[in-house]
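Report on the following structure.
Think of it as A, B, C and D in the order they're written, each chain with its own count starting at 1.
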Amino acid sequence: MPKFTGVVPPVVTPLTETFEVDYPSFTRVIENLIDGGVHGLFVLGSTSEVVFHAAAERTKIIEHAVKVNNGRLPIFVGVIDPTTDRVIEHAQIAKSAGADALVVTAPFYARTNQAETIDHFRYIRDAVDVPLVAYDIPVCVHIKLERNTTVTLGREGTIAGVKDSSADDGNLRYVMLDMADRPDFFAMTGSEIVVDNVLGMGAHGVVPGLANVDPHGYVKLWNLFQAGDHEAVRREQERLCRLFEIVWIAQPRTSAGSAGVGAFKTAMRQLGIISTNVMARPQRMLNSEETAKIDAILKSTGLL
Amino acid sequence: MPKFTGVVPPVVTPLTETFEVDYPSFTRVIENLIDGGVHGLFVLGSTSEVVFHAAAERTKIIEHAVKVNNGRLPIFVGVIDPTTDRVIEHAQIAKSAGADALVVTAPFYARTNQAETIDHFRYIRDAVDVPLVAYDIPVCVHIKLERNTTVTLGREGTIAGVKDSSADDGNLRYVMLDMADRPDFFAMTGSEIVVDNVLGMGAHGVVPGLANVDPHGYVKLWNLFQAGDHEAVRREQERLCRLFEIVWIAQPRTSAGSAGVGAFKTAMRQLGIISTNVMARPQRMLNSEETAKIDAILKSTGLL
Amino acid sequence: MPKFTGVVPPVVTPLTETFEVDYPSFTRVIENLIDGGVHGLFVLGSTSEVVFHAAAERTKIIEHAVKVNNGRLPIFVGVIDPTTDRVIEHAQIAKSAGADALVVTAPFYARTNQAETIDHFRYIRDAVDVPLVAYDIPVCVHIKLERNTTVTLGREGTIAGVKDSSADDGNLRYVMLDMADRPDFFAMTGSEIVVDNVLGMGAHGVVPGLANVDPHGYVKLWNLFQAGDHEAVRREQERLCRLFEIVWIAQPRTSAGSAGVGAFKTAMRQLGIISTNVMARPQRMLNSEETAKIDAILKSTGLL
Amino acid sequence: MPKFTGVVPPVVTPLTETFEVDYPSFTRVIENLIDGGVHGLFVLGSTSEVVFHAAAERTKIIEHAVKVNNGRLPIFVGVIDPTTDRVIEHAQIAKSAGADALVVTAPFYARTNQAETIDHFRYIRDAVDVPLVAYDIPVCVHIKLERNTTVTLGREGTIAGVKDSSADDGNLRYVMLDMADRPDFFAMTGSEIVVDNVLGMGAHGVVPGLANVDPHGYVKLWNLFQAGDHEAVRREQERLCRLFEIVWIAQPRTSAGSAGVGAFKTAMRQLGIISTNVMARPQRMLNSEETAKIDAILKSTGLL
């Protein structure tokens, strides 16, 4: 069995009206997730608005999460910036601050190819002795981690697992088949809406942003899957799909990025978990009309 | 007339064998450009491998360039990072270090839309009182600055000009037509190979990475254009196109990014301007076989 | 229950050495599928090289299939050409020739939008009284049938079902949720490698090109799924995934199109079903080296 | 000098209210172009809605154009369908009907690669003894004719020239440089808005859909360019750019395809050249509000 499995949500970073990190709310976000039964925390993922935070703030965010968590769950930390040496700097800080694993994307802005991307992960792993998770998120970095890239890195031990936010489940299946003789290697999906499928293919975990809104739902789905109750898994997944529709409400007034995390934040505020739905600049936050639509979905899916 | 016009090359940042900035070589790069007759310097553009440099190194690069330049030419500084507030931090440093204008891209990784991109530029301009240049480079940031975005920012005075590396000359033409009643607004192209076209449409400058290899060529092209000698402009442009073919030599062994700037660095080393062709990690540098092909092109285009 | 369910393979069209349709081989392809237990036949799909066949040949292909089938299975016929009125012509011929349902893509080459695509299906349905299946294949037509498009057409009765070759399983799930109160509407997937997932979400059928090579495999998968044996379903799906790897052997020497259908044809020739692996011009057929690799996969997956 | 040069508009195909070709209007379209001084006619290009017309109608369109033209100008005929042998059928008909050159795209829907695309042109040229023009239109066929593809076909004599609608002027420049020693090879641009640029790089002709609305404008631009009056060329090009803005009026209500050709047809109706602005199904025609905006542009650019 891999070291890390289960529901590992990317933790939302709440902000104050003046765009500071709202640490009291952040504490509540973490406690709400742990109360919900999740199996790990992923701090500074895309859902955390990681690229909006400067290095000093990131350090505080990690330290706060580690302190609140207090050893209860493993903590993944995203070390996301465009290029290798800058990622290494973040990685060293994250390691010092207590990360159990580091989540690394391909370079971005820089237009590297697959071979250079493989080297990117190798350089980072050489520099920092913490398990690495390859984060496949072409919608943000505009390069796909190809099957051969992930498998090469996995077989040589550079990465301990992969978090797939590419929506290419066929490719993920081949990666898992290729790694089937390496039981310590793990595959997690970033999907909110086909988690049942990916678990059915043999994945070891799920990293759903939507779990910030409804941790119990994903934990329930996970437990039902472990129990082999496929019909109930599907019903819970379909309820979560209906909840996930909140992410499209603000589009196209806002971008896809703002609409998604903005909907999570708005729902969390409506549920009393955080104090504002403020998004880091220049993203737009959801307005009152959009909030009303979110309330309606929270009600119809049993959360409000 | 706009304040900034002419040939404003994005300055290459040479590295040592151990991946440090090679400041003696950097001095020679700048002196070679000034000797070549260029009209401005663009420090920390994409060609400089800007996203590979951490903030502290960027500050040193700007300060070194300002010191070497010693007021001889205007200096543009790229303040390139994924999101608004991080760009503002770079912008404040660059201003303090003596930048005459700041070059800003759309956010990246973050998936913002056109409206949020407009706000991005406004927030930066509000925070830092230096002329801003909008840098349209979809191949790196994966969003195009649409005509309406650039024109809105230009007409309200948020940006002083645009540097277009999108290769969408038709769109640039419409931007220039829309701004025709604002003679202080400038448009520059990042193209190396259709500079004659873009000047012919009324652009005010050119920002060619290849000018690091052959500043005289682009200055000659500029001067011939000012003199109205269209036939000679075309001949010089065509010679520069033949020189530009160096950027494809290392592909697909390396990525497009490495192959392009790597070719510039290799050519500059062969011409004695810099000491190595080392690229920031994880990019690959050109090998000896590729260098031989570059030598051949340098010879056939009259540089070696 | 929808009228059409189960395994409905897109039938390969074998060619002679001189690029004619090889009807004796075509008979064997159909008999092999029926022997394999499939539940329907899809003639003139993308796998049949439909866009390479002129109208007269298409008519002969349909008539031959109808005659060989002799009423044993329902027959879907692809009516695939760029624009509405040309599709209607094909549709009228296919209806006369005995098609049980017609499979229709969005327009292509023509750059229509979603609203015009909706009208496209409506015009065709108005003209020809046969059940329509919307064929979502953006890799060929370069437009996705959006959720709202498919659901609008389904709810108003213009289409009887959808065949999804877009690999966007999340979107397909939402379409099925939106149509859950319409038990006669069906959803099928064109995937070969995540059939278990799509059936698990509630899909009614599968249209795998690879079933031309191994009909028993997909029928077995289907039967195991009906029996609720999830572990065995997954094992069979994984064996089929290993078999599916034949489609990448000839790339990049050939295009993706040639490599995929070319691999099916080559495997079918090696299994004695058809006489050549000839592809319609200008596609390239697989060579002997590539055939050897296909043989190896046929052996390792138990077919040879 | 190449055999074909100058302004060669893609001729609009007017329709009646009942979606038939309106031949009396078609006659007027052709006479208006010839009166305007154009140097050739391109029948059945994308602007003609070629892929909406079945083979029999295409034959009538060619025959009508040949008869009306009566030998006054060379006639290019588009032979546009997805695959090789179907194109050859169109090509044989077009040759018999009197085409002076045939315009051929890469295959579409079919997903061929560059090597297969090269073979596509070779098979067609082998089958039909008429000069071929390679039509580079990735927005419709979703593959770019790469520099090496066009140059290979040009140097071996398979194609007589290229019509570039890819907007990649840098690539076109390299094609022209590579073919500079072949004075019979011609390059034309499909652009309406950077014609001055492309002529300045040495192109031999222009194929502007907008010339259906204003043939005099493009002929004037051509003549001014031949006379070397660069300032006047630019002024005329800029006026035509303002006129070209009609193509965006109906978007996003209609698709880009409908909005562009639909705007040409609407403007031509307002100018009295044709009787309706009907578009082939399922495209949408422009409405009265959009027509009013077109009138305003026709006035401001001196046409109404």
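Going forward, a residue touches a chain if its C-beta (ideal position, glycine included) is under 8 Å from a C-beta of that chain, and two chains touch if they have at least 3 such contacts.
None of the values given here were measured: they were computed from a predicted structure.
K.L.:
Hopping along touching chains only, can you work out the least number of steps from subunit B to subunit C?
P.N.:
Tracing touching chains, the least step count from subunit B to subunit C comes to 2.
K.L.:
Which chains does subunit B share as contact partners with subunit D?
P.N.:
Where subunit B and subunit D might share a partner, there is none at all.
K.L.:
Averaging each chain's C-alpha atoms to get its centre, pick out the one most distant from subunit B.
P.N.:
Centre of mass proxy via C-alpha means gives C as farthest from subunit B.
K.L.:
Distance from the CA centroid of subunit A to that of subunit B, rounded to the nearest Å?
P.N.:
Result: the chain centres lie 35 Å from each other.
K.L.:
Distance between subunit A and subunit D based on Cα centroids, please, to the nearest Å.
P.N.:
Chain centres of subunit A and subunit D, defined by C-alpha means, are spaced 49 Å apart.
K.L.:
Going through subunit D residue by residue, note those that touch at least 2 other chains and give them in order.
P.N.:
Not one residue of subunit D touches more than one other chain, so the list is empty.
K.L.:
Please categorise the chain-chain contact pattern as a line, ring, star, complete graph or other.
P.N.:
Topology of the interface graph: a ring, with each chain touching two neighbours.
K.L.:
Provide the full list of chain pairs in touch.
P.N.:
A-B, A-C, B-D, C-D
K.L.:
Which part of subunit C faces subunit A closely enough to touch in the complex?
P.N.:
Contacts found on subunit C: 167-170, 173-174, 177, 191, 193-194, 196-197, 200-202, 228, 230, 234, 238, 241-242.
K.L.:
Which positions of subunit D touch subunit C when the two form their complex?
P.N.:
These residues of subunit D touch subunit C: 19, 46, 51-52, 54, 80-86, 89, 107-113, 115-117, 119-120, 123, 139-142, 252-258, 280-284.
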